[in-house]
Amino acid sequence: MNFTPVPDFPSVTPSFQAKLERLKAIVDEHLIPLESLMLAGNQDALEGALAPVKALMKKEGFWLPQVPKDFGGQGFSLYEHGLISEQLGRSMLGHVSCNCQAPDAGNMEVLIERGTPAQQDTFLKPLLTGEIRSAFAMTEPEHAGSNPVIMSTRAVRDGDDYVINGHKWYTTGADGAAFFIVMAVTDPEAAPHEAASQILVPADTKGYRHIRNIAVMGETCWGHNSHAEIEFKDVRVPVSNLIGKEGEGFKIAQQRLGPGRIHHCMRWLGICSRAFELAARYAANRQLTHTQVLGDQQAIQFWLAEMRAEIESARLLVLDTAARIDREGQYAVRNNVSMIKFHTAGVLQRTLDRALQIHGALGMCDDTPIAFWYRHERAARIYDGPDETHKRAFARRLMKEFE
Amino acid sequence: MNFTPVPDFPSVTPSFQAKLERLKAIVDEHLIPLESLMLAGNQDALEGALAPVKALMKKEGFWLPQVPKDFGGQGFSLYEHGLISEQLGRSMLGHVSCNCQAPDAGNMEVLIERGTPAQQDTFLKPLLTGEIRSAFAMTEPEHAGSNPVIMSTRAVRDGDDYVINGHKWYTTGADGAAFFIVMAVTDPEAAPHEAASQILVPADTKGYRHIRNIAVMGETCWGHNSHAEIEFKDVRVPVSNLIGKEGEGFKIAQQRLGPGRIHHCMRWLGICSRAFELAARYAANRQLTHTQVLGDQQAIQFWLAEMRAEIESARLLVLDTAARIDREGQYAVRNNVSMIKFHTAGVLQRTLDRALQIHGALGMCDDTPIAFWYRHERAARIYDGPDETHKRAFARRLMKEFE
Amino acid sequence: MNFTPVPDFPSVTPSFQAKLERLKAIVDEHLIPLESLMLAGNQDALEGALAPVKALMKKEGFWLPQVPKDFGGQGFSLYEHGLISEQLGRSMLGHVSCNCQAPDAGNMEVLIERGTPAQQDTFLKPLLTGEIRSAFAMTEPEHAGSNPVIMSTRAVRDGDDYVINGHKWYTTGADGAAFFIVMAVTDPEAAPHEAASQILVPADTKGYRHIRNIAVMGETCWGHNSHAEIEFKDVRVPVSNLIGKEGEGFKIAQQRLGPGRIHHCMRWLGICSRAFELAARYAANRQLTHTQVLGDQQAIQFWLAEMRAEIESARLLVLDTAARIDREGQYAVRNNVSMIKFHTAGVLQRTLDRALQIHGALGMCDDTPIAFWYRHERAARIYDGPDETHKRAFARRLMKEFE
Amino acid sequence: MNFTPVPDFPSVTPSFQAKLERLKAIVDEHLIPLESLMLAGNQDALEGALAPVKALMKKEGFWLPQVPKDFGGQGFSLYEHGLISEQLGRSMLGHVSCNCQAPDAGNMEVLIERGTPAQQDTFLKPLLTGEIRSAFAMTEPEHAGSNPVIMSTRAVRDGDDYVINGHKWYTTGADGAAFFIVMAVTDPEAAPHEAASQILVPADTKGYRHIRNIAVMGETCWGHNSHAEIEFKDVRVPVSNLIGKEGEGFKIAQQRLGPGRIHHCMRWLGICSRAFELAARYAANRQLTHTQVLGDQQAIQFWLAEMRAEIESARLLVLDTAARIDREGQYAVRNNVSMIKFHTAGVLQRTLDRALQIHGALGMCDDTPIAFWYRHERAARIYDGPDETHKRAFARRLMKEFE
């Protein structure tokens, strides 16, 4: 542990602080009222209603918060983007309203940093404007997601093309995506971490098949909330669709981890903060008897107290990590990048569980967003590497200092 | 605590033991293959496919296991019924295949014990044969379910009729039910526990309205799995539809608690046992690398070990309680009836959480029944009185011995 | 899991039931009042005061409950002995008052089952009467206790003698013991499980050295409560002091596990039951304000409820295991023997933690036995194999059924 | 929760940062080697060995870190003092070596802020130099410590004197203290929070009696580590020994809470950091087999990962609170002052439990400081108001925002 450092948080400008408050107001006024459309599965009405909010976000300077100004984004630091992401996370419609939802945000990042001008022109530009959506095809049903270097999808060079064959699932947002970044083995003889490459595949390429939207927690969903099982069968794309170099697939995937981690963790903390508000309000006002409200029960008080302490401390941990990535780069603080994943996912799960229990039967149904998050954010302990993988990697590096 | 008694479990006959094993085989062979129809929301196909299984259950002596032989049931003791319920619980289709699902099972019990011959003729008979389904309308959205004696629904005597007005929700199985047992205040001046009565209301009575099937964890479901919001507006039924006497509503509701508790707890333990099997099988066989399976991970081993110890010990606790109710009546062992509720619900939640995590991404989707139970059985800690209510009542009675 | 069996608990005679109640009364009246002598470290006064209680235990038929009648014991089944051990466990003086404390009880068992007539004459007889105490020297500071097959102590054959050299610690009761059963490697070339032997070493043998009583949780203690660091330096004993055959050391050690496990688990549950009583009584009677007692706090109620449910369910699990060992032998139920260790140790720790917190500052001091158990029984998760070892072994065997 | 603010941590000077690193080195080199004297109860040797370390602390500018420069201290802000306290907390001898241990630190604070010049001359001066120690007598065995406003000790005005009668316990450091600050009811008719006063009582006043050092977790200890039961019987002191005004007893006690809370929480985090280091080092180096170390076990890895995440996040929470108190005063951030108490005490307990389990049998004995902290810092969840009190107060204030 060497010497535990004195905290070093950046300061933000008053105008950024004002922006955050404005963003909170927009979420409260414009997005939260639309959540029932989403919960009712009312896709068309929702997309119609979201359009003016997206326009508002563009106008007020929240569109593409994570993207450099040169590419039409807001150019926020990762620390600032974390604070933005927290506010957006308070609604399940937050990130999509600013075009910074997974997996598009990660795909943009990769194309900005590693895309050729031609790739940027074809794939990135319409993604930034929101005209199209995209997907990232890595996980395969036949292999454990916790060990991504074992993969069967193959991309074989044939003249100026790659011919891709493979079977993927949990491809988020595949339904309706205009293109995929596909992780495929290009050199099966290479060391596991250097065997795969990232290749751009338009969804209308021959041989691509959308098998099904997986019923996740009972819901097949649609659009960027859906998770698909897909197939690539003799899919042929030009070699110019390769991102970076052959064999850099995992390296590029690693690079999107740090920023993506901050994005997710702060989004989860936004969820926590909304769930806390809902629970505290319900507890403070729900009559149990003529003289007692629910919040007079000591058990309810304990849950609220514990939720809040867990949320606030985890929030500082994540923001500290964001500030460090800004200062030192994600490789230097990869310990923290592991740590915040499992820690925050645990806080999220416990917070939602308590918020649900405080609401009683109401908590089980979709009259609040809690049940939605309870079932779908259970995946937070699984996606982006299960907790177990991160704990293991983190502890091993920690012990190295004491050998 | 006085003197902790030496355990006293009844023995079962070899033929009953053989019946249990046969039942397990039927569930494995005939019900589990139908679960995907249920998970896909394929109502018609499911009901068609269930019909021959119901016939088989009748033929092999499992139909109405909890009902006295005089009424066409199997006449099992509560202890035996608990063991049956555990086997049925291994599939989400178990109880319905034997016509012992909630709330019909409870309604049958009430009508058998307190129904008039005319009530039995009209309402009970077709319920026992499975021709109709029923519902029990108690919980109201305006009042806390944890304190059921506060209730707004009123039944006012008008000549030979009751005129009922009220608003209920979480009325399980209302969608498609032929009749309701409605809990309504008949004497607002009486002590809270003596204010309400149970009244039979056919679903085709004028003034009854099915407002919606509540979206519970994203699913509105249908039939006995649905939970409705309903309204009674000037609903008029003859006074002869009263069950028992006026003011006995809560007393009769109490009486269904003990057997219902065993039914639910053993059903939950059946779920646990299935979830354990699925998790252990997956862990033992899922390849992580060429030389390792998932179950070589110590974390997975710990979860399996802990799941099993919790399941086995809770199972003995519940079966001991069933045996005591058989011997001493539920009032004498009401401490245990409280205790098994919160204890077993906790075991259920932890078991499902671990089983889901062991399955990783697969655990999030409906390719196994785990995600279904994870989201819907979260309610186990809420329905039938939240954990908190039972802990409180239990502890107060325990402390009485030490004052 | 194959088919979860129907519980099968033996019945006990009414006279045994009466014995249990009598034993509880003796513990309450004669042992609990002496606990303050123990807690104050008042060794001489305690031993003086215990003598008549030991005599009473002999007279009333509780002396050596675990020992066959042929050897002067009570000849109880393991199931009955479990129930006895639970009652004795309610006081920290219980087991010693009946001469069934660790490690003497285990040493008796080994000598009864595997001792030669001469060994029984010399070592066992005075142990049974309580004239002497003994110790079991296995754990070594240089090697992990969780992996006992790695061991440095050597016994080398030299003519008709063994010459033993080794360094042991956590040798319970070494201080004042008349002899040791020493685990020493006799064949370093053999397979690890067949390398060691158990050899009897009188404490007055030349070369034996008592280095120190280890300060365990701040207390060096004395007698059977102490844990020593000891040394064997060229200690020479005749070959006739070998127990069983050469290389059977671990096999014999395994054989004492099952009964020892029941003994410990039921002792822990006795502790739990006493801690629960103390906590419930304190909660029910401690005034917080003029109108409120401590037990009116919902948090206290929850802890009492949870403690009780955990204790009762664990108790059934352990007793079921005892009954199965009686019926089928410990090898057949070694899964249960692993399971009850970690499960019951966890219940014990949580129970003591809650009981301590309920007592507040009083719980921290030795005015009740809770602080003593809190600190010393923390070892329950470590001795006899740490929880982690048992979970691992248990899970591996469970998964075997599903491969 | 209104708007969760952007973190605002102060920066520290490079010279302060260097001081912190120097302090860590002093603790490692000069204090940790003396811990075994403390653990062995070797009072005289310890005090002899500590004297030069105290001189070093004075010379290097760490003596009285929390005291203003005018009074001979270092004048650190609360934030800086928190960072100092963390480093001192790594050894159980840290705070005493700088004369900032409880309860002297709190008594100094009260005398500095509220003491008259005469009181400062007589009581404060020798306390600051370390010539004497002091105690704070509040808790009474007859009343719940969680509700301190109920108190029996009375101080009755008699001419120019107070005559004090009362019975106190858990009076930390009473054994050897030169004086007490006694909390006594001066106006039994007043509102509970205005009934009591703080009065200075020299230990050599007639009528004061030291009844016993309470055996806390088996140890009576001595000096500032001891906790006494004491009696005041017709103790007469001049009215000029009153601190502040009559009836201000609780108000003054409240004022010491905020700084005391930072002191304790950061001390606990220092303990956590040391326990983590010990555990990580042991795990990384302890051989399990010839090819494996303890830290190769996944369970150990998980515990280290979880410990670290909990410690780091709690640390940020406490330091943020310290910074806020510096900026806004403790009243404004009393929510945080409650929150960090129960949250950090929980982290401490879990950290010590895991560190102990990682050490196995070694963790149970006093060959490391872990067992000492495990048993004695169990009190962290009790002293200064039990967790339960803080959770309750915190939650009630949180809910107020949502009514």
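Every chain is named by a letter (A, B, C and D) in the order it is written, and numbering of its residues begins at 1.
Please note the rule applied: contacts are C-beta pairs under 8 Å (C-beta built on N, C-alpha and C of every residue); 3 or more make two chains touch, one makes a residue touch a chain.
Given the structure is predicted, the values throughout are model-derived calculations rather than measurements.
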* Could you tell me which chain lies farthest from chain B when each chain's centre is the average position of its Cα atoms? => D
* So which one's got more C-beta contacts, A-C or B-C? -> B-C
* To do: Would you kindly tell me how far, in whole Å, the mean C-alpha position of chain B lies from that of chain A?
  => 38
* So how far apart, in whole Å, are chain A and chain C when each is placed at the average of its C-alpha atoms? -> 52
* **For chain B paired with chain C, centre-to-centre distance based on mean C-alpha positions, whole Å** => 42
* Structure fact -> Flagged in chain B as touching 2+ other chains are 297-299, 302, 388
* Asked: How about chain B: which of its residues touch chain C in the complex?
  -> 1, 3-4, 6-9, 11-12, 17, 20-21, 24, 83, 86, 273, 276-277, 280-281, 283-285, 295, 298, 300-302, 304-306, 308-310, 312-317, 319-320, 338-340, 342-343, 388, 390-392, 394-396, 398-403
* To do: Please give the residue numbers of chain A that touch chain C in the complex, ascending.
  => 297-299, 302
* Contact footprint of chain B on chain A as seen in their complex -> 39-40, 139, 141, 143-147, 150, 169-170, 214-219, 227, 286-289, 294, 297, 299, 356-357, 360-367, 371-372, 374-375, 378-379, 381-383, 386-388
